[in-house]
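What follows is a pair of complexes built around chain A, which joins chain B in one and chain C in the other.
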Partner chain A sequence: MKNNELIEIKNLTYKNIFHELNLVLPKDKFISISGTNMSGKTTLIKLLSGLIKTEDSVFYKNIKIEEINKSHYFNEIGIIIPVEKQLFINDTVENELFSILGNIRIEQDEKILQYQKIIKLLDIEGILSQNPNELGKYNRVKLLLASALLSSPRTLFLDNICSDISKNETKDIINILEKINKDEKITIIMSTNNLNEVLTTDYLYILKNGKIEIEGNPIDVLKQDNRLNKIGLEIPFMVDLSVKLNDYSLLDDIILDMDRMVDSIWK
Partner chain B sequence: MKALITGASSGIGCEMAKYLAKQKCELILVGRNKEKLQYIQNNLPTKSTIIAIDLTDEQKVKELYVLTKNENIDILINNAGFGKCDYFDKIDLSTELEMININIKAVHMLTKLFLKDMLKRDKGYILNVASSAAFTKGGPLMATYYSTKSYIYTLTEAIWYELKKRRSKVSISCLAPGPVNTNFNNIANVKFSVKPMKKEEVAKYAIDQMFKRKKLIIPGIKMKLSKFFGRFVSDKFMLMIVYNIQKKKITSNK
Partner chain C sequence: MTNVTYKELKKLNLKINTDGIIGITGENKDILLEIMSLEKKTKGTITYNREKITDKNIIELRKKTSYVPFSFTNIYNKTTIEEYMLYMIYYTKLNIKDPNKKIIDSLKIVDLQEEYLTRDINTLSTCEKRKFQIALSLITNPKLILLENPYVDLDAVSRKKLYRLLNQINEKYKIGIIFTTNNSDILYKYTKTAIILKNNQIYKIGDTKEVYNDVDTLLEENIEIPDIVLFTYKVRKNKNKNIDYHRDIRDLIKDIYKHV
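The block that comes next holds the complex of A and B.
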């Protein structure tokens, strides 16, 4: 394993989902994993984050996940799987975050800085007094992100965190994730079934029936509209449009921004 | 059926969760470490909810009840707790107060609050995890821990009798395991002189006996014998034995 590699999967066979899967995930990158329902995304996230056991096939920083002390590993990573049921014990978001901070072993001054930084980063000033059990999906994801970030993880595993969240809110979450990845140097591994979310990530894997069907730079992957359609994935509108315009030689690259698109066609 | 287990993130609590899940029981897992709880949640065959909470905080215990009282919990397992092994004057007071909060106060509060609800529905099981430490007349070198566990033992036995006299269908049991191989040993700074039992066995035995409404559950023949043996020896002799056992633990660790 080279220096810039974080996780390696060797010959992973798991139930009927994966058969001899091989995969290497780089460090410090924002990686997305997509595929239709039942393609194995969630299982992969769980296997990588150590939530379900493998048979000696997943290596984190060159060590088998099974051989890493669980507490140690869970300190190093953050896992967010919003569909799983969790009740919050505290009556407000603020108290919930405080009680997490209380369990982290850093200096008091650092705690305050950390807290303020995360509040600002996630822009959750407005929900601090709300009951965490009564938050909407969007704010709940933000709270889960904040809770995970408080303990300064090196890697974040996110399973379909933007499902059932509006378009603009999704954009907002993805922007935050990009910031976390770039500024804090936290590796992000995110699964999603919405290809709109993967456009700005560093690398994209498309899973089909437990196998990597396509991989690479997201834009390059998304250009292969025929293959994606066959898999049953919906190509984001702007990408689809760009690809079609490319076919008629009206455009030479992929443009994601609507205004820029209008400008370049107008020329 | 629905069960709430405290201290579910490792050890006996975790094994109990697995065993209850096998019997199609819906679970609420309470523990300090959210990630560990998530891990267990993912490895259980049935639906479960996790609650990350520090039970040393009295206010949080109340909130735990408020949060779960409408869930109609059929089984309450008070398993969370910890111990510390050293001379009484050497153990940090704040550690001991935390121990009292979680080993005594939290168990007391949850038992009372949930028992009231169970009595209203006239069904339910409560399992309080004490320890074989509860039977001796004091535990030199683990003074506080032994005392907290005696409290649980005495409290549970009394409630059991009250329930029996009232012919209630709610039952309460006290689990008194001997040494078990769990994470407890790392925290308590302890190596056991009696060969530890497997936590899976203890958990299974405890749950089975709880459903049989046993008052006192002692897994393992050796521990049953030692309780019996304790009746015939003087208190002073018992203290001496415990002291020597614990002493070995500390010195072998240093």
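The block that comes next holds the complex of A and C.
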């Protein structure tokens, strides 16, 4: 594996979902994986993060992923796969975070610093005294992220974490993820069925029936409207509009910002 | 609904016509759906089909509304679709002459063919599961189906299928359809009537296109605007071009073409 590579999948065959899949994921990037329902997204996240055991097919930094999940590498990865009725044991968000912190093997002073850093990063000061089981969906996602980030993982695996929150809230979460990726150099591997979430990521994979159908820079992938429509994915509004205006020769670029778009059409 | 209060929602007044699909968005939208299900004791007056709801008629009226929760819970612990549906009819003591036929008919309406009878519920895809839930809700011959976040976790193709299905149930079988969503794009695309909640009150209710007419005020109120509406609004405001508010992007493009 090269220096800039993080995970390698070699000849992975799993149930009827993946057949001899080969894939190399880069290090330090914000990577997104999308596809329709039943395309294998969640399964891939589980395989990549070692939640589903395979034999000698998934390597993380040249080590079998099975080994990574053992205690020595405990802090190496964080995984968030939201479950509908997941219950938190503690009565407040603060206690929930502290109980996670308690299990992390770092010095006490470091723990406090780490805690404060995460609170600030996710802007969750205001919900610390709330019951984690009574949080709205948006704050729940933030709590899950905070919990995963406390142990300073090097890689974060996220499965469709924004699926049930509003557009503006989704933008907030994606901004936070970008910040985590750029500032903390944490590799993020995120699956989603909403292509609006992938626009600013570094690299996008589109899965179809367990195969990588399209991959590349998100904008370059999303421009291929015919292929995406055929797969059954919805192209983000601004990309769709740009591509269609290109077809009418009213525009020659992909513009994501609405004001800029309006100015470009009527100069 | 007159002066209805339940949980966070206070003194709601609203009147809805179930001709055409209705969508609810905003904070505590699912509480409004709960009120409509008549399953919960609420303060105030609810009138259903000109009939005022009392402790006496509520049991009968409840049977006419079906509630489809976001996630399916296998409460009867059955394996196949057929077993589950038969047991549900038996357990809830529904008076149905030919249960087997009723089950097949309900599945047919949601476009699940007879081979689905023996399908293991656990092997259903998200979209199939949602169809199955709707088929279940049809068993009681409801006049109104309430769906909690039905479009969440569905890809574009499945969304379109679900929309067509709900529309058909509404038009052909004259069953009211009300659903919740926190996505304004879905609300704009897939409903005839929109209800927007804000500060635990009905903020707006009416024809979906009209509800999103006054973008200035909605922006001030920090209400999420559908992308296509926001873009059109910016064209009208910043460039003074008289482009209409469309639901379909292709119509928008044609309109832009006329105005450049």
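The rule is simple: the second predicted complex is superposed on the first by the 258 of 267 C-alpha atoms of A that agree within 3 Å, B and C clash if a C-alpha of one lies under 4 Å from a C-alpha of the other, contacts with A are read in each partner's own complex, and residues count from 1 in each chain.
By definition in this document, a contact is a pair of C-beta atoms (placed from the backbone, for glycine too) under 8 Å apart; a residue touches a chain by one contact, two chains touch by 3 or more.
Note that the structure is a prediction, hence the values are computed from the model and not measured.
When the two complexes are overlaid on their common chain A, residue A:Glu84 makes contact with chain B and with chain C alike.
Contacts of A:Asp164 after superposition on the shared chain: chain C is touched, whereas chain B is not. Contacts of A:Gly50 after superposition: chain B is touched, whereas chain C is not reached.
By the touch criterion defined above, A:Ile265 reaches chain C but does not reach chain B. Of the two partner chains, neither chain B nor chain C is touched by A:Asn3.
Ranking chain B and chain C by residues of chain A touched puts C first.
When the two structures are aligned on the shared chain, A:Asn226 is found in touch with neither chain B nor chain C.
By the touch criterion stated above, A:Glu234 is placed in contact with chain C alone, chain B being left untouched.
The interface of chain A with chain B overlaps its interface with chain C at residues 84-85. Looking at the complex, you find that chain A touches chain C at residues 36-38, 84-85, 160, 163-168, 193, 232-234, 237-238, 240-241, 244-245, 248, 250, 258-259, 261-263, 265-266. Against chain A, the residues of chain B that register as touching in their complex are 28, 32-36, 38-39, 41-43, 47-54, 60, 63-64, 67-68. Of all residues in chain C, only 70-71, 125-127, 149, 152-159, 182-185, 224, 227-228, 230-231, 234-235, 238-239, 241, 249-250, 252-253, 256-257, 260 touch chain A in the complex they form. Every residue of chain A that touches chain B in the complex is listed here, in rising order: 46, 50-53, 70-71, 74, 77, 79, 81, 84-91, 99, 102-103, 133, 147.
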